[in-house]
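Encoded as structure tokens, the structure appears first; notes follow it.
By written order: A, B, C and D. Residues from 1 in each chain.
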Amino acid sequence: MSNSFGRFFRVTTFGESHGPGLGVIVDGCPAGLKLDLAEIQQELDRRKPGQSQITTSRKEADQVQILSGVMDGVTLGTSIGMIIPNEDQKSNAYDNLKDLFRPSHADYTYQARYGLRDHRGGGRASNRETAARVAAGAVAKKLLSALVGSQTLAWVQQVGSLKTKMPHGQITLAQVEANAVRCPDAEMAEAMIAAITQAKTAGDSLGGVVGFKVEGLPAGLGSPVFDKLTARLGQALFSLPATRSLGFGLGEQAVLLKGSEHNDPFILRQGKVATPENRAGGVLGGISSGETLYGHLAFKPTATLFREQTTLTQDLQPVTFQASGRHDPCVLPRAVPIVEAMINLVLADELMSFTLANLDRIKKALA
Amino acid sequence: MSNSFGRFFRVTTFGESHGPGLGVIVDGCPAGLKLDLAEIQQELDRRKPGQSQITTSRKEADQVQILSGVMDGVTLGTSIGMIIPNEDQKSNAYDNLKDLFRPSHADYTYQARYGLRDHRGGGRASNRETAARVAAGAVAKKLLSALVGSQTLAWVQQVGSLKTKMPHGQITLAQVEANAVRCPDAEMAEAMIAAITQAKTAGDSLGGVVGFKVEGLPAGLGSPVFDKLTARLGQALFSLPATRSLGFGLGEQAVLLKGSEHNDPFILRQGKVATPENRAGGVLGGISSGETLYGHLAFKPTATLFREQTTLTQDLQPVTFQASGRHDPCVLPRAVPIVEAMINLVLADELMSFTLANLDRIKKALA
Amino acid sequence: MSNSFGRFFRVTTFGESHGPGLGVIVDGCPAGLKLDLAEIQQELDRRKPGQSQITTSRKEADQVQILSGVMDGVTLGTSIGMIIPNEDQKSNAYDNLKDLFRPSHADYTYQARYGLRDHRGGGRASNRETAARVAAGAVAKKLLSALVGSQTLAWVQQVGSLKTKMPHGQITLAQVEANAVRCPDAEMAEAMIAAITQAKTAGDSLGGVVGFKVEGLPAGLGSPVFDKLTARLGQALFSLPATRSLGFGLGEQAVLLKGSEHNDPFILRQGKVATPENRAGGVLGGISSGETLYGHLAFKPTATLFREQTTLTQDLQPVTFQASGRHDPCVLPRAVPIVEAMINLVLADELMSFTLANLDRIKKALA
Amino acid sequence: MSNSFGRFFRVTTFGESHGPGLGVIVDGCPAGLKLDLAEIQQELDRRKPGQSQITTSRKEADQVQILSGVMDGVTLGTSIGMIIPNEDQKSNAYDNLKDLFRPSHADYTYQARYGLRDHRGGGRASNRETAARVAAGAVAKKLLSALVGSQTLAWVQQVGSLKTKMPHGQITLAQVEANAVRCPDAEMAEAMIAAITQAKTAGDSLGGVVGFKVEGLPAGLGSPVFDKLTARLGQALFSLPATRSLGFGLGEQAVLLKGSEHNDPFILRQGKVATPENRAGGVLGGISSGETLYGHLAFKPTATLFREQTTLTQDLQPVTFQASGRHDPCVLPRAVPIVEAMINLVLADELMSFTLANLDRIKKALA
């Protein structure tokens, strides 16, 4: 069902923005994985609100609790239940929005689908829902670390029209975490922060692009034909709120090249199959090639504005309103750990699938 | 598993390019749907090779047979099995490729995943695999037609750097089918055909962009949080060979707008909830809004070139080779019905999910 | 994955006997269902330990909390998260069992599967796990009640060799709930209670048989070929701890009849299709016939004995031990609400499947 | 969906009794498995009609064809498509049954579910559907053989009231295949054949019980909590037509023992963890213990009789009719390979699940 993701390493989430809390069940995590609550919390801390001047001022500790599946710091092989209580809710900030459809939000479409909706903070459509994903993603990250040592990294590549030109090969976690906007290019980061601050002041909002890469991935991950690595990532990343565009490798720029210009001839590099340019972005036929997987994901500007807007009420009457509450003027900085989490969920799942794809591997496992 | 797609209306496919044939099982199609073999064949005819000078000269009748699930032209509610025998295979054209990894193809990655591979025509990684999807998509199309009357349309929007500026609202099926390249802009179509012909002559290839839209879709389709309409389409469309980028609504252009410029205020249009500009592309919070769903999907240039290339053999020795065989210099024209099929598979599935999303709808069904 | 059950109305559970708590996510419950916490609690109260002299003396309030998916007593269509904190744990009662494999328990097999295990109270293999199922089953019960008004009832039919001969058609909930052993036959109930008390005193245990029936089910539920109603119930009921045998209709007795004796000719009864004897148990070809669905489920005697037993340690050394802790000398009385819950989960799921099985029903839903 | 079975090794089937053919897709079979068409055919030959005087006289070659997923006798890791054309159909034998509901068949319930039905030979409800399962089961058998060398064996244990007392430990494949009824007890087999012949002559039918066992299974197979080995087998075996009762280990007889009599203390036997009696039937907590898995499955007598019966027409009018066509007077002999196939499908699937259940096994696979 639609609150589950994954086939082998499967997460199922619950939670509304203004309900008692959020939660997730991770099913299919193998027994014997060392899992430290602090490591999960660390990822949640990167996502939590109130981190800086350019994120929402909502204060949530986002303290995750493990309710099952782990004993003495090691996974049991049983389902892992985790919850994150909601704390700093100001539901009455939404009282005036109860009967109207906020523009470019999911109010109207939830109403159309379900016949009713939780109007408080967007309910299940809130970005808050992603906290549960980040908790689960931290487990996936640990699994990948234990099994293949791959490294997933995301960063803010563009905010509005401000775009860093740093090539993905040079970008490090330290650079990304060095500033509030999570852009590895320090100079550009400053400009982005200024732009976000300006938008915030104006009651306006900005969109942007998150870049991502995975290094150290073995060749062979991705399951033809419907669960190709790019297809799985396509579902995973477009399931995030506010996403508008996703590209792998050169993305849409690939269209401007001829085949003779875009093809990546295979070569040996340090005894390993590689290509000179890796234009494909580390995926061929939907399966990882062992080279760096990279791409980019575009987010629209935040729909909540602190200026007057017109819209319709639930009774289809025109109305003018202004949002109160606390919101990110730009979701990009907090989107970074969420994008990483979704990528890691896909990779953990596909690593399981890869294990089973060949008889020799299964034989070795059972030997 | 990875050869299945869909949760309620589920298709499972099989088949290699040079094996005996391709096939699909459609599971979950409701009983009572009128289903005419000719309607399915019509979609396959749009996809089949050898249609024109700018597609591959491989000749495949692609005659689909229905083996189950339909009696007297009506679906039984049981699983629908269909096969499409392979006919015009020249497997020996691949003999010289048996032991090498073609650049930008899936030879190397299949080998890495499975430890062996069908080298003939790409095996399962061949674009030929999509014939089974088109057959299934035709059933989905019929279901949508019977239930909601929505219209899915795709077209070639860009080939190399040649791009039509026709707005999606003006594009019709007749325009799309009026020329060999399936670009609704007749003038641009001519230029595209010339460009593809030129690339073909040069043994080179081109990529491009397929635009798509769905009109007449009800509001409420798409299942939060992991099966949002955009997420399902993300998986569906990125599961197609050679895809590199996917955008919904304004796509990456949304990033350049501020929230105040991008937001779509709700208005009434002919008594129906609408927006002035529908910048969101007909989806809010991952759920259809009742406005036109639109977006675009970029394909890289065909990997097979008819010129000398360098690569590695399976023993990791450098080698020079030249492809023979028959291939599309540009996959875009034949991709159009495939994109439509994948969209229709998602929509049929989400229509089922929508039916169950609200107690009142179920009550009405059972009354 | 294996902690999820259901295709349309899907539950996913977590929790170990001696961890912080148990929980469940119900995914796919339609929006608009009235759901009262007290109704869920009522089912848990029927399952909870410490109800009577013949159940375990472990005291658990088993207070369920709803964390999401419900607002103002109505389901939102989003996933419903529920938790039941663990309270009365005496984990040190298991210290002496940490390194041995209790006979006829899952200690050894969990170790074989996972390479480690939670030795405290059986961990995930504990019957305590079923509390989460009962909470989910209460939601399913509510859905069935809202949609079709069917009534699922289970009862204790046999304990050891003591067996009631009451025909299922006469059994009522009031009779079942009238005594501690949940046998509708008051006289037999007394004998059963005496037998259980005697076994308890002797440090021994008893098995038994739960009978079940569903009245008021429409014809047409059950999904050929792998999800026939009996197949789904087969999985659901054999997923319960300690189950050994399951029969539908006449069960194994059907074997002793000839076809001419076993066949149920169709007749009209009060204008409705029926049969004189309903030997089939309300299911034909795996699909409900509209007559009463009935069957029986056998449980082995509880594995925990309060007398000395021999076994092996984890190091494969012979050892003698005696259990302490608190356990049911006979699981049957508390199994009754669990069996009902599992049946209701299947029925709710198949009701959704039924809704989608026919085009006309979907049309009516969407009209 | 309901025509698929399995989570890791998944089969999806199609086909009606009187349509063009039956088929199956096996998805998730690892690459590198040697797979010989003759081995698959051999299992189908055991199931096919017309084998002896006591089975139906319908003649079907049941020649299976492999359409994909195998090259040069080795699996490719891609989906394996197989079809079995229908040949000896006499659909007009069903013309007089078109408008009536045969007693104890699925005519009425299919009509209730789907609003229409294929009346010819039972359509999808026909036992013929199981041919596709047997083809898939042969692949599972090959996989089990390559990986763990376990042996699944089924046999006819009871026909009507005739029951062999041979203990399962003594039964061999040679004994089972030595006579037409597939009862390993030669003397009892003769009596069973006589009884079936007598029933056939009388236009009547018999039911019976199939015994089954799996030897050589490793400990650790079965996925708590909903996919316990017994639960998966419960679904698999109750998905077979005409099944009424299923027991594991001592089955319902376990109820008559006290815990102190039923418990299986662990001992060492030839250095391996074992029990003196294996009353549990090789499964503890739903996970295989490494001892022989055994149980029994009861089938009702065949519903088709060659004598006059009364029933209702589709218009709910009373009617008298007599079946023509060709049918098994007792399905048991042909059920034996089908039961084995279903067990092997479960075991192959759970072997995959087992591979992923522990981090160390995955590490070994990836090393």
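Points to keep in mind about this one:
As a convention for this text, contacts are C-beta pairs under 8 Å (C-beta built on N, C-alpha and C of every residue); 3 or more make two chains touch, one makes a residue touch a chain.
Keep in mind it's a predicted model, so treat the numbers as computed, not measured.
Contact count check for A-B and B-C (C-beta pairs in contact): higher for A-B.
Greatest centre-to-centre distance from chain C is found for B, with centres as Cα means. Between chain A and chain C, the centres computed from C-alpha atoms are 38 Å apart.
The distance from the centre of chain A to the centre of chain B, with each centre set as the mean of the Cα atoms, comes to 26 Å. Chain geometry summary: the mean Cα position of chain B and that of chain C are 45 Å apart. Those residues of chain A in touch with two or more other chains are numbered 1-4, 8, 13, 28, 31-32, 77-78, 113-115, 124, 218, 224, 357-360. Residue ranges on chain B touching chain D, taken from their complex, read 1-4, 8, 10, 12-16, 19-23, 25, 27-28, 31-32, 65-69, 71, 74, 76-81, 83, 113-118, 123-124. Interface residues of chain D, counted against chain C in their complex, comprise 1-5, 7, 13, 101, 103-106, 108-110, 112-115, 124-125, 129, 158, 160-161, 199, 204-209, 218-228, 230-239, 241, 243-252, 254-268, 273, 275, 280, 283-290, 298-305, 307, 309-312, 316, 318, 353-354, 357-360. Residue ranges of chain C in contact with chain B, taken from their complex: 8, 28, 30-33, 75, 77-78, 143, 146-148, 218, 224, 351-352, 355-367.
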